[in-house]
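Encoded as structure tokens, the structure appears first; notes follow it.
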Amino acid sequence: MGMNLSVEIGKIRMKNPVTTGSGTFGSGQELSDFVDLNMVGAITVKGVSLEPWKGNPYPRTVETPAGMLNAIGLQNDGVDNFISQKLPFLRQFDTPVIVNVVGQSVEEYAEVARRLDKAEGVSGIELNVSCPNVKQGCMVFGTSVEGITEVVQAVRQATSLTLITKLSPNVTDITAMARAAVDAGTDALSLINTLLGTAIDPWTQTFRLANITGGLSGPAIKPVALRMVWQVAQAVDVPIIGMGGIVTGTDAVEFLLAGADAVAVGTGTFINPKAAVDVAEGIASYMEKMKIDDVRELVGSVKTL
Amino acid sequence: MRDEISRVVADCEIIEQVEVAPHVFRSVLVEPTIARTSKPGQFVNVRVCECYDPLLRRPFSVHAVDPEKGTFSLLYDVIGRGTKLLMEMHVGEKVSVVGPLGSSFDVGEDPSARHILVAGGCGAAPIHFLSDWICKKHGCDKVTVLVGAKTGTALLCQAEFVAHGVEVKLATEDGSFGFKGFVTELLASHIEESKVKNPDSAIRIYACGPMPMMREVARVCGEQGIKSCQLSLERTMACGIGVCMGCVTKAQDGCCSHHPDEWHYSRVCTDGPVYDAKELIWE
Amino acid sequence: MGMNLSVEIGKIRMKNPVTTGSGTFGSGQELSDFVDLNMVGAITVKGVSLEPWKGNPYPRTVETPAGMLNAIGLQNDGVDNFISQKLPFLRQFDTPVIVNVVGQSVEEYAEVARRLDKAEGVSGIELNVSCPNVKQGCMVFGTSVEGITEVVQAVRQATSLTLITKLSPNVTDITAMARAAVDAGTDALSLINTLLGTAIDPWTQTFRLANITGGLSGPAIKPVALRMVWQVAQAVDVPIIGMGGIVTGTDAVEFLLAGADAVAVGTGTFINPKAAVDVAEGIASYMEKMKIDDVRELVGSVKTL
Amino acid sequence: MRDEISRVVADCEIIEQVEVAPHVFRSVLVEPTIARTSKPGQFVNVRVCECYDPLLRRPFSVHAVDPEKGTFSLLYDVIGRGTKLLMEMHVGEKVSVVGPLGSSFDVGEDPSARHILVAGGCGAAPIHFLSDWICKKHGCDKVTVLVGAKTGTALLCQAEFVAHGVEVKLATEDGSFGFKGFVTELLASHIEESKVKNPDSAIRIYACGPMPMMREVARVCGEQGIKSCQLSLERTMACGIGVCMGCVTKAQDGCCSHHPDEWHYSRVCTDGPVYDAKELIWE
């Protein structure tokens, strides 16, 4: 009778296909004033590193046409603080928690994964090999087959949690990166992270971000994200979490049609703090209108004209 | 100073749009929860367009509340596209608002304290709400508001402050009205006066205005040995709700930290916008 | 006394730093109802190939947030028709003409260049190795160092006209592509071409473009374009024509500050048929306000915060 | 059919906004050149937002002109964001318009020809202008307008056509008004009638409406041996001025071409929107 909205990403069972874009939902608690955290399919939290990171100087964000640049620099309190301070709150909810992991070396990534593996209440690890705003490591790993292979293999050995590799769009061939991650043992892929960009204030003749460059997100990048999800879905067989500019339920449907098994709402939460839940509801009402019983029927079913 | 309160995301009807000074508008909106629960210094985040350009909400201090009518006001300078779009909305239209957000001014419990409020430009927006709040709690006779602007026509809320019954002093950079110079100079002299007149009363300073002014207020307060100096800061905000880490300012790790001389980037939208001056690190 | 707005791109002297984005200004004639073609710095015309190309089926364009996708497929009447039918009109104006060249093989590129070299009224060749909407050739050349080297070398030998290589943004490292083009003998670079993207109609569950994917242009991509121009300006010494989302004079100034010697207005012309001239005037009035005498002072002078 | 005329880019004041049928609006704008030089079938390209979302202009047929007053009208269905933004604009606001653009209907020189105009849905917009134009040139008694819609309330410009003094016939798909069925069925029977009544007059057909209707009109005209059948097509347009090559439709290379059986993609914004049915290739 009832519609099925649930999907599986590796061993993670999501009650609906909507998770949150890492770095746009804090550690979940900040949003709990606005949304019932039981209503999202999964909560993907801000990137955590081994040691606390201070992040980049201000200004860290700038609005652009239908998008924004950010150069936060992965400010976070470190994995141990995350486990002791943030995770207990999240355990109250019947919602899987995916922890985004960053590092400056392969060993750091692996160590963070090892610590999370032992923590109660973590369902998956999203390997962030694509953050454009940190000088060392990170993005460097995500833009070459060798880099991805190395990090994914190391983390794969460090954890038996569902491993999701988050791909950078700043590459010539996203499918090569996807295949490398799959070959190295990732359970799933998420894409896209932000496009590297910059902005200049003509009146002060300075860059608008203290970090010079930042990552472009929001509706502006949706066409690129959708194309990459579609390409990757053709190229590999693991589940895909699609993201990039999703604000509404029909945005999400486009990603599902392109081949994503689940989606994440990132910048959309800044426009509407309830966006993740509204997107999940939007998918359901779309399915109702289109008389689709199972959300999985949508996945990859886009047709050509 | 963060209060755990109910926050809403609501489509609010605009019931009044007035130009109160050149390029400065007051918008009155209907939202009972915000009207009832906001505290002075808190802000709301407004979606100025249904489209994606401009994409992000714009933060504005709560300028006044009418809990009975369930309305609240904003007071803003039209400086860019977002404020222009807000100003152009017609009475009867609805606008999406998130709030109330952020920390608020702490007016203390000391009945004898003297309260000095300093407003620079549109910093008058929250100072107006605060003045009303202190009057109601501690009485108007202990409140002085110092209002500064570039020129006389840009001085805001003068009549309202007078109506509250508080002492009002004005400063303009061009001297076209009141004291000629920065409102922070007026502050320094007013603190000295106040110390002489009421040697036994604690002085509490509250300020809102551009960043350079905030810094100067902090310096004056430090120099004058003021214990309680609260500043409301402005930062470009992407989310306004503490999740993006965009709106940061350098702050001390705090007295209870293991590394009291360490600093961290504090989120102005959630840990602020109102800070105790002692927490802040200026660059 | 008077301000200097003129710049040089190879041997091309532009009276102001604004040209038109290839494919967004037709062959100039279409726009002559709206703008005085003597008022733009140069006219860059739609891509021409050796033989006429029919182009892709309809739909070829779709609007996206602050941008648009196009998959025109380089419909054009071929170089001989261009020379006999379009060029005579353009010769009336005191404005250099840059011809965008496309091909499906190295030899085709070179042959088109050879024919243009002999035609009167062509000042420069813009080598389009980056068109994402044509199945063979083109983009394949533009996304590898080897491809760029090969095409640029061949065309360099075929013409002594100013040779501008137009780079694709769909690469991991734009500076490597820029260096390859410079090493192969290009006189200048132009960037960026469009970002590869797609769009799906959730209600019909089909791609919105007959060609499936298309090129994203417009204000949405400006942050990416600006970043790439800045990176390339650091990496090579040849003149750069910057483009991607320029609609106003201050948009153009941002590109100049990032290191472009000239700019092109593309999608901006669709919003405002007079955009190219308005942008040139906008640069002049910016310089007046900022008391800058020579537009070349702006080039690359962005500061960090 | 393309005319070389003066085109403008202008900020036009809106002087009237009326809902003439459910979701269908008429906007009257001030622009003397467009009012004076537009021909029936031509369109204008309207910037519905000062921002970049939506980014592109929206094309609308010229629906009526008043050269004396220097005004022209649009008639449009509110189907998406752009038309909603246009409809929401207030009288007195200005909107940027490019035009007049594209080809126009050729009404011929034959004083005895019968003119049959076919309007489907908002296709009535240019047909209205055309009806007025033919009346003025050849007299109203030779004009019949066939108006089709899904249902009676969606029939457009009925009163206006009656006011022109032309013969009007109506068709609704649900039969709520006039003939029950497609307006193209009405067309077929009307052509037959006309041939009987006026065996010596040439018949000229002009149509505007959705693509499937245009195709059917072409088919009917072919079947009936009509020599002059002009269709106004709709295509998604990026530029509207012939430079992007986005708005194409398949067309014959033409009688004078070296390869008369060859086809090319023709730009609807510049080579059209009005085509002779014989030029078009349907897929």
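A, B, C and D label the chains in the order they appear, each numbered from 1.
Just so it is clear, a contact is a pair of C-beta atoms (placed from the backbone, for glycine too) under 8 Å apart; a residue touches a chain by one contact, two chains touch by 3 or more.
Treat the numbers as computed from the prediction; the structure is a model and nothing was measured.
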item: Chain located farthest away, centre of chain C as origin (C-alpha); value: B
item: Chain centre separation (chain A, chain B; CA means) in Å; value: 36
item: Mean-CA-position distance for chain C and chain A (Å); value: 34
item: Whole-Å separation of chain centres (CA-atom averages), chain B against chain D; value: 56
item: Residues within chain A bordering two or more other chains; value: 59, 64-67, 218-220
item: Shared-contact residues (touching 2 or more other chains) in chain B; value: 52-54
item: Chain contact topology (line, ring, star, complete or other); value: complete
item: Complex contacts: residues of chain B adjacent to chain A; value: 6-7, 9, 47, 52-57, 96, 98, 235-249, 264-265, 270
item: Of all residues in chain D, those that touch chain B in their complex; value: 49, 51-54, 81, 90
item: Residues on chain C engaged by chain A in the complex (per definition of touch); value: 57, 59, 64-67, 69, 143-144, 170-172, 195-200, 202-203, 205-210, 212-214, 216, 218-224, 226-227, 230, 245, 250, 253-254, 257-258, 286, 290, 301-305
item: Of chain C, residues touching chain D in the complex; value: 23-26, 30-31, 33-34, 46, 54-55, 58-68, 70, 72, 75, 218-220, 247, 267, 269-274
item: Residue ranges of chain D touching chain A (in the complex, touch as defined); value: 52-53
